[in-house]
Each structure stands twice: as structure tokens, then as C-alpha cells.
Amino acid sequence: MLQDLFRKKKYATVHLYENKETKKMISMPIKKPVENIQEELEDEAFIKCTGCLEKISKEDVKNNLYTCPICGEHFRINPRDRIKALLDENSFIEYDKDMTSFDPLKFEGYEKKVKSAKEKSNELEGVITGEGKINGLPLVLCVMNSNFMMGSMGCVVGEKITRAIEKAIEKRLPVLIFCASGGARMQEGILSLMQMAKTSAALGRLGEEGLLYIPVLTDPTTGGVTASFAMLGDIILAEPKALIGFAGPRVIEQTIRQTLPEGFQRSEFLKEKGFVDEIVHRKDMKRVLHEILLIHKVGGERDE
Amino acid sequence: MLQDLFRKKKYATVHLYENKETKKMISMPIKKPVENIQEELEDEAFIKCTGCLEKISKEDVKNNLYTCPICGEHFRINPRDRIKALLDENSFIEYDKDMTSFDPLKFEGYEKKVKSAKEKSNELEGVITGEGKINGLPLVLCVMNSNFMMGSMGCVVGEKITRAIEKAIEKRLPVLIFCASGGARMQEGILSLMQMAKTSAALGRLGEEGLLYIPVLTDPTTGGVTASFAMLGDIILAEPKALIGFAGPRVIEQTIRQTLPEGFQRSEFLKEKGFVDEIVHRKDMKRVLHEILLIHKVGGERDE
Amino acid sequence: MNSILDFEKPILELEAKIVDLENFSKENEINLSNEIDILKNKLIQMKKDAYSNLKPWQRVKIARMPKRPTTLDYIQKITSSFMELHGDRLYKDDSAIIGGIGMIDHIPVTIIGHQKGKDTNENIQRNFGMAHPEGYRKALRLMKQAEKFKRPIITLIDTPGAYCGIEAEERGQGEAIATNILKMSQLKTPIICIVIGEGGSGGALALGVGDRVCMLENSIYSVISPEGLSSILWKDSSLAQKAADMMKLTAKDLLDLKVIDHVIEEPLGGAHKDVEFVGKKIKDYIVDELNGLMKLDHEVLLNQRYDKFRKIGNE
Amino acid sequence: MNSILDFEKPILELEAKIVDLENFSKENEINLSNEIDILKNKLIQMKKDAYSNLKPWQRVKIARMPKRPTTLDYIQKITSSFMELHGDRLYKDDSAIIGGIGMIDHIPVTIIGHQKGKDTNENIQRNFGMAHPEGYRKALRLMKQAEKFKRPIITLIDTPGAYCGIEAEERGQGEAIATNILKMSQLKTPIICIVIGEGGSGGALALGVGDRVCMLENSIYSVISPEGLSSILWKDSSLAQKAADMMKLTAKDLLDLKVIDHVIEEPLGGAHKDVEFVGKKIKDYIVDELNGLMKLDHEVLLNQRYDKFRKIGNE
């Protein structure tokens, strides 16, 4: 009965992972995420799904926004592909695209690591920022890149996100951040920690202006990002089964000297614990975001 | 070391029930409260303490503000005695002292009950309100009376407390409420429930004016009072071992069909759970309240 | 629980008899239309007699019927789009209270309500609509969100009461309810509260402080359950019916006592007989009232809200 | 843990030798004052050499010494009255963070700090100064209270980090820290943050957003522990010393990086050698800074606070 209710078309159908399905997903074991699904796909025409273990065609996976066509398993998606799938065609205007990391602490080996990350990801840094439209509704968008040093937050990531938020305040636009991060960028030391304060303070101003902020938590969202902008949304969405936590599971296991319960720190767990508003399948993301943007387009006034 | 620190004179010594002592108290079994210690005292010169089970002289108990001179057990105290012990001599000006309950629902047997409560308590209603001074610092004071129909909150209790809060707003004074209540007064039905909204809304205004509100939770504080003004303090104090809860222990036991853990819903338990700032012995109450009032006398400005 | 109430039995029997006669008439080709018309008129009269003079206890029964439409049923009827939001951002997502954002007649709103189940399984999952502190805290989070985005708030009240249990006490049931009551008196956005079933004590009031408070015709709102009152007064919870008669817990009683502003009509027999009808009535009420409330200055709005509760019980 | 650090051993040995000589001289009535003076001068030089050029790892050791004064020690030194307040009003009173109200030089203030224990028992009770979400939420409650009553806020930072555990994650460690960071950037009252020992990552920053941020000379502040960094970089936590040298975690480093505003002097050897002295320095710093900050408009104050963090890492 309740499920029927939510299957009605006029509702945002973001309830896919309710009830029985949720329980099934929560009880799934923690698995190693596919580090980079695109690379694997270059080898042959099929891969084995990490969710259902079925053989699936790479073409199908790609056509399904890098999710399994059989079980809905979400693989990591390149930020450019995500932006393309989400925004209206040709609506994206990128901000600060030339900004690149310096080496503030002269940290041994850091320059080399950044160089290799640039080559591997074909990006200059771990986040892409800009503005665009979803079905005609404008917004500021930041997409983190887990391919760039695990999406770690250094000064450039913090600065780009802060500038994007400030731009949104200036233009009175909502902000959407796709989070994907292993945490702070250690090679930038205390400066990287301070990006948590910088970005959060900017979000504080955004909120005071009555503007909407939606983080979407994708696999993995951990560390300093979880302890700052990932958890500060008016509405917090997550992709299915994403790892989301402050401390990483390995660190916790080392601390408590026991293995973690199944499903711990996954999206479904966080929703149950009250920290995620809804889990949204990647293919529904555009529709759900549009619906939210529409409701927030007008504040307390008729939308006519 | 830590205990030494707090024994220094310059600190408010409200830490009596810290550490080991707390644990001891928390593990004490729930006991039936002494319904009316004064009545018992009329019989003979000694009573048996409900805390330490020692024989103690009524005179000593009275001189100790109705606490056990041996173990510190707190017995119930008449509101007039409490006011006398707390306020500077002759500083109390009572508000609305003639206000008395009507029978809004024409509820069978209610008038008779009120009449008997008046005779038993020698008061017209379940709360005394007014203003006075603690070591020269003015405040508005409400003291509930567990002797008057178990301190239940009907329209007059709600109205007197609301008026006292509004008076405090007018005069820019802090508000102190000694809570003692079995909950809503059923004989006034839905009107009694609405007193929770009325008093809480008044406290909302007090807070918006930047004025201080301190509830002191005494035995028992339950039901509608706990779910309104008892829990809305800037600083919440409690007397030792007072029963404090939303649902009464008997109702909970009936619901869950098991006996409650020892110390459940006692002051020390609530402090541990984060709902009480400090537990203060009745003999320290005046000093502690004076200290708090002093700190709040000036806001962010030097007190010179 | 049975979804046919005792006093409905004669009506149902008569309905069945009419159907029998009609069948008999058709099968045997005997004209009984006169007799059937008489019975049908009698049925209409019986229904009117039974349902328009319901005793408080009968309304208690209707308000608690498992068939009675719930918060989600009405949300479906009154919104053109709705998205449920989850969690208190502190401890848990309590499914005894649901909330989310949606559109009513092109007005963006936040809707929050107690949610009972439709069957035993769902009732266990939703704890029979009895919230823990995290339920009230989720509600508060969503109400503050509504205030931020200048959305009016609609609350749908349907709970036997706040849950009585060890964990609920440990996590501050009293604090959670108290904080909601206070904050609702301060929220700078219109609030409309509608009791759709059971308005059980503090657990109801925690969603019940608004600019307008109204009740469905067969809903109840009280400081304690009839069973609770009778067990306190007479140490016998089976005298609940007697208690209900004394308590003034029906919509009409609360209107007379000026505790509520309006009673929303239900079809004969109760809201479950025609959810569409009741949904329409609720929607019309909300839209009408919001049209007025949304025009008010925040200061005026909050002063009126304060005065509304301020005067209750002040002779 | 040992409270005598390796590099201090020669100093302690020389100190012991001087005492021996003085005793010997006294007992045997032999004048050794020349020799003793030479040694004493040597001792002064040795101390200067050792303590004024401490390596980062040595400061890490000092910052973590069990003897190092804690939040409560400093509260005692800097306030004329203090009352601890308890609880987050949601779930628990977390004793890894303490807070309360008091007077510093006639100024009412709210003081909040991580609290380590003095011995193993107390450390277990206080979880070694590693807070759970409820600790940060208590801190936030007290900070909002301070804002309401226009009291400046002093935070004393001394934590290895936020606790890593199942319950901490379940109750939203990330959410609690994030919310504190955001809210601290908005509080309309002066905030002074002082790192008195370990400033461990997000757990430190959750009390670390203020108008002034300063550090005691031998305290540290970093995004990860040296052990954590070395185990990530070299899969070997025993190379922590090497990591510490690379990390820029000392007070002087952070001053150079413009992350902090000021370094508070400690006596040679560390704060534990003279708590009175350090307490006085802290108090003077607080009073001086508050005198300026309390004169500012809220808007100016908040803009300056925003800019302070806004510019960090912006080349």
C-alpha cells in the first residue's frame, strides 16, 4: 500500500531503496570499490559486476551512467560524464579551470604526485566547478574527482569550492556539490585542514542568504569533506551504497580492533541513522534535483 | 586532583555529586518518595531517613532545609519554606495570589478535589509566583507545590506561570521556576494540555529578549511539565535524586512489561544523559543561583 | 482491531437485506420496488441518526480505525508533487513521523505528520505512530528548513501519544517535545495544524502549535487517552467509554472550548468512506487559510499565534 | 608514557650533579662555589640550547606529556569564578569536552575545552580527550548560550582528534564537527581559540574557528598525527619523527603560515614547569584581545572572522 503510493507518477520516485530493498542493501558486505571503472573497460567488452557478479557489457554500463543494468550497482563515474548527464546541453560554464596546486609546505614528493594525478585524470585538480542548468533551472555545481589524488581536499579544492559558493551568493543561485573524497590532502598539512573552515564559512553565508545547498554523497565521501560541506546540506542526497564516514573503515578497525558490521558507513546506513535525506539512483538524479529546485524556486509564494 | 580543583573556594561548589558519588547515587534503587515530610514530622521527634535508613531528628531535618543531615537525602519541602530559604528577607512580592481554579469542563468530582487540596496545602493553587531578590539580585520566581493535587498543571498554574514570565519580560528580570509536578491536570482536559504551549511560548519570548531562564527540577518533575518549561532552561539545575521524566515509571513499566533499571529517571541519570547541567544540594542552591545570576548580570560587558 | 464498529451493525444488516431483496426481485421477476424504496429511505434515516449523533466513544473508535486514512494518504490527495525527507541529523530516522516538501495548488509547502501503519507489520515499523525523540527532532529540522525557505508548514496529527519507553526517556522525550512546542511558537512562517485521527497529548502538541489548528469531524484530541483517564480515576481502564464522555475530546467540544478554529467535515461513517472528499476539504481549507496567512507580516503572524494560545484557559 | 623526555636527560643529570655537589660542600664544609657556579652556568646554557631549538618531534612529545596542564588547570588559573555546565540536551554528557561559564578579569565568558585526564583512570573516563558527537554538540549548545547572553567564548584545544569508533560514526561525528565549524563562523560574539596541547585535526577544528587563534609555544596543530602520516606515506608508523619534521605542526610553523595569530610563551621545558606563568600569559592574552574584539560591531567582527579563514591557502 505504502509502496504503491510512492510509485504514483506524481511523486518524485526517489524511494527505490525503501523497505525490503534497504534492508537487503544494508546487509551487504563492505566491498572494495572499483577504483576506476573506465580503465578496466578498455581491456575487453565485458566486466564482472561487483554487485551481482554477473558478466555485463561495458557498453551497457556506460549507457547506464556507469551503473549495472542488472542490479543497479553504482560504479565511479568521471566528473565530466556526470556533468554531461546532469546539465542541459551546452549550459555548463566552468569556473577557475586553470587553477592548479602549488606546494605550500614544500612537501617531499608532492609535486611529483600532483603531476601524475594530472596525467592520470586529465584534470588540473580534484574538483570541477561552474554553473549550468537542470531543465532550465540555473545552479552552481561542484563535482569532486576521486580520480585526482582520491579527491583529497587541498588548498585549490577548498578555494575553488569557496569561490563557487561565493559566486552563487552573488548570483543568488542554489549550490550542488557532488562529494567524493578520501579526506584532507596531507601534503598540504594544516592548510588543508583549514579548507574545512573556509568552505563551511562560505556555506554559512549562503544559508544566511536563504539559498539552497544540496550535497550529493558519492563513493567515497570521508574525512575532512564529511566533517565539513558534505554534512551541511539543506537536503542531503546520496548514491546507493556509497561509503560515507568521518573516519575511514580501516582506521576504525585499527582503533577498535574488531571488524565492522556489514553495511556500516554505507548510504543506506546513514539514511537509517538520520544523516541522509534520500538515496537516489544515478539515473533518477536529474529528475529528483529538478523537482527539488522547482520547489525551491519560489519561497512561500505561488509559482504561477 | 580534579576533585581538589573543584573544592577550591573560588569555584561554585556544585560538583558534590561528581565521580564516585554520582555512580553510587545512580545505582540506588527507585524508592517511593516521602509524600509529605511535614505531616510525618508531627507524630514524634524522630523519623527514619528514606536514604540512609538512620534515625534522624525532625528538628535537624528542618534545620537542614528538609534534607537528611547524615546522607543528604532530599525530602519534599513546602514552597513557602523554600522561598524563605532562598530569597533575601522580606524581598518576596507575590503575584496573583488570589487566582484560583475554576472548573472549565464541569468535570465530575473536580471541585471537591480542589477544595480538599486547598485545605490540605493551605494554598489556593499548585504554584506560587512572584518576584524577589537573591543576595540583592532581583528575579522572578515560581515555585510549584507537589502538595496541591501533585503539582498538576491546570489553567491557573499555566496562567500564573505565563503571567510571571511576561512580568519578567516587562521588568527585564531572569526567571527561576522550581518544578514539581505529576503532569497535566486531567480534570481540565485539553485546556490543561494547552498550558504547555502557553508557557513555552512565553519562554520563547523571554529568550528572544535575551533574558535568563533557570528551571530547577525537584522531586517529582514529570509529564506535561517535563515536556514544556522544565526542559527549556538556559541552565537546568536539579536537586539530587529527583524523579524527572516525561512518562511516569509506572506507565513505562506497563508499556514495556519489565521493571526499570536502577536510578532510571533520577537527576543523576538525566545529567549523564545530557539533560541537566548540574545537580545542586538544597543547601548550596542560593549560592549557586547567586553565582549564575551574577555572571548573567552583565552581558559581554565588564562588571565594574 | 475490527474495522466495523458495533453501532454500525444494524446499518450493515439493513444494507445486506436490501441487496438480498433486490437480487430476489431480479431473479424471480417480482416487483418489490415499493418495499425496497421504503427500506432504502429507512437506511438513509438510520445512517443519519447513527452518524450525525455519534457519541464521543464512537468517535474515538472511528478516529482509531485501521482503515482511517493516514498522513501519507492525505499527502497524496492534496499535493501535486511531494518528496519525503529523512532523518534528524542527530541519531536516527524515525518512521513514526514523516515529513517532506511538496506543492499544494502551486504553493511550496513542508508537510509533517505522524504516520500510522495500515497493517500490523507496517504498524510495528512505524511504532503505531508513536514517535521517539528523534521523530520530533526530524520534524523540527524540517520546520526550520521550511522557515529558511519561507515555506508554510502543514502538520497532520495522528498519534496515540509520544512513545513511553526506556530509550525514549534516555534520549529526552520531554526535551524534544518541549523544544518543538517552543520553536513552533517562534517560526517565521505560517503553520496550519490538522488533527486527522488521534491527537494524543504531548506527542500531538509537539506538532500542534500553529496559526490555525483544526480537526477532522471524527478525530479526537485530548490530554490523556480515555483508557488512561479511567484507569487513573477508577483504577479500571475498561471504563474508557465513560471517561471519553467526560473528557471533551471531540472536534465539536474543542471548537466550543475555542481550542481549535475549525472542524473539517467528513462523509457519513467517517473519512475512510471517501478519502477523495476529505482530501479535497483539507486542501481547500489549507489553500484558503494560507492565502490569508501568507499576506501577514511575520510580526503580526507571530503575535496572533502567541495570542491564540495565550488566551486558552484564561477564563 | 614517560614524563621525562630523552633529550632532557643530560639536563637532569647535570641538575642532579649540582645538587650533589652543593650537599657535599655543605656537609663537608668545603667551598666549591666556583665549581658550582661554572656548572650552573653550563646548565643554563644547556637548557637554552635544548629548549629553544626544540625539534618538531620534541614538541610533539612535550605537547602530549601526561604532566602537561589541561583545560581545567588553566580554567582554574584564569577565572575568578567558574561553573561547569553539562550535557548536549540530546544524548549524553561527554566528559572529553568540558564547558561552563565564569569570569575572567570581571568579564563573563563561556569557556569550552577538550579535557584529557591526569592518570589512566581519568583518561579512560575522559576518553583521552577524544570527543564523540555529543561532545561537540554540548560545545555548540554552550556557544549558542554564550551568544544569547553576549558572552565572549574562549576555547582551549587539546585533543589527539575526534574519536574513531562505531558509535561515533553512528551518531554523526562528521555532522557534529561540520556543524560546529559552520556555526562558529556565524556566532555573534567574540571567540578566542587557544591550542594548549595537541590540536588534532577535525576534532580540534570543531572548537577552532574564532576571531583569534593562538597556540602555546610547545603545542602542535595538524591535519593528521605524525604516526598517521608516516603510516600512510611509508606504511610504518615508527617513522613518526621523520613525518613530524615535514609536517609544519609547531606553533612557529603555523605562525609563519599565517594560520594562527600569536604564540604564547612557555617556560623553558614546557608549560608544566610553571602553570602559574602560562596561566598568566593566557589570561593577559585573552583580556587584551577581548578588549579590542568586544568593541567591534557584530558585522565587522563576523566579516573579519570570515576573511581570516577565507584567505588561508589562497596563495
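We just call them A, B, C and D in the order they show up, numbering each chain from 1.
FYI, a contact is a pair of C-beta atoms (placed from the backbone, for glycine too) under 8 Å apart; a residue touches a chain by one contact, two chains touch by 3 or more.
These numbers come from a predicted model, not from an experiment.
The chain pair with more C-beta contacts between its two chains, of B-D and A-D, is A-D. With centres set at the average Cα position, the gap from chain B to chain D is 39 Å. Chain A and chain B have centres, each the mean of its CA atoms, that are 50 Å apart.
Rounded to whole angstrom, the centroid-to-centroid distance between chain B and chain C, based on C-alpha atoms, equals 35 Å. Among the residues of chain B, those in touch with two or more other chains are 207, 231, 273-275. Chain contacts: chain D has residues 89-91, 171-172, 175 touching two or more partner chains.
Here, these are the chain pairs in contact: A-C, A-D, B-C, B-D, C-D.
On the side of chain A, the complex with chain C involves touching residues 1-2, 5, 8, 10-12, 14-15, 207, 210, 212, 231, 234-235, 271-278, 288, 291-292, 294-296, 298-304. If you check the complex, the residues on chain D that touch chain C are 89-91, 133, 137, 171-172, 175. Residues 72-73, 76, 79-93, 101-103, 106-108, 118-119, 122, 134, 138, 145, 148-152, 189, 294 of chain D touch chain B in their complex.
For chain B in complex with chain C, the residues that touch the partner chain are 102, 104-105, 107-108, 154-155, 158-159, 162, 184, 186, 188-198, 200-205, 207-208, 223-224, 226-232, 245-247, 251-252, 255-256, 260-261, 264-265, 273-275.
Those residues of chain D lying in contact with chain A across their complex are 162, 164-166, 168-175, 177-179, 181-183, 185-186, 201-202, 205-206, 208-209, 221-224, 229, 232-233, 246-249, 253-254, 257, 259, 305-306, 309-310, 312-315.
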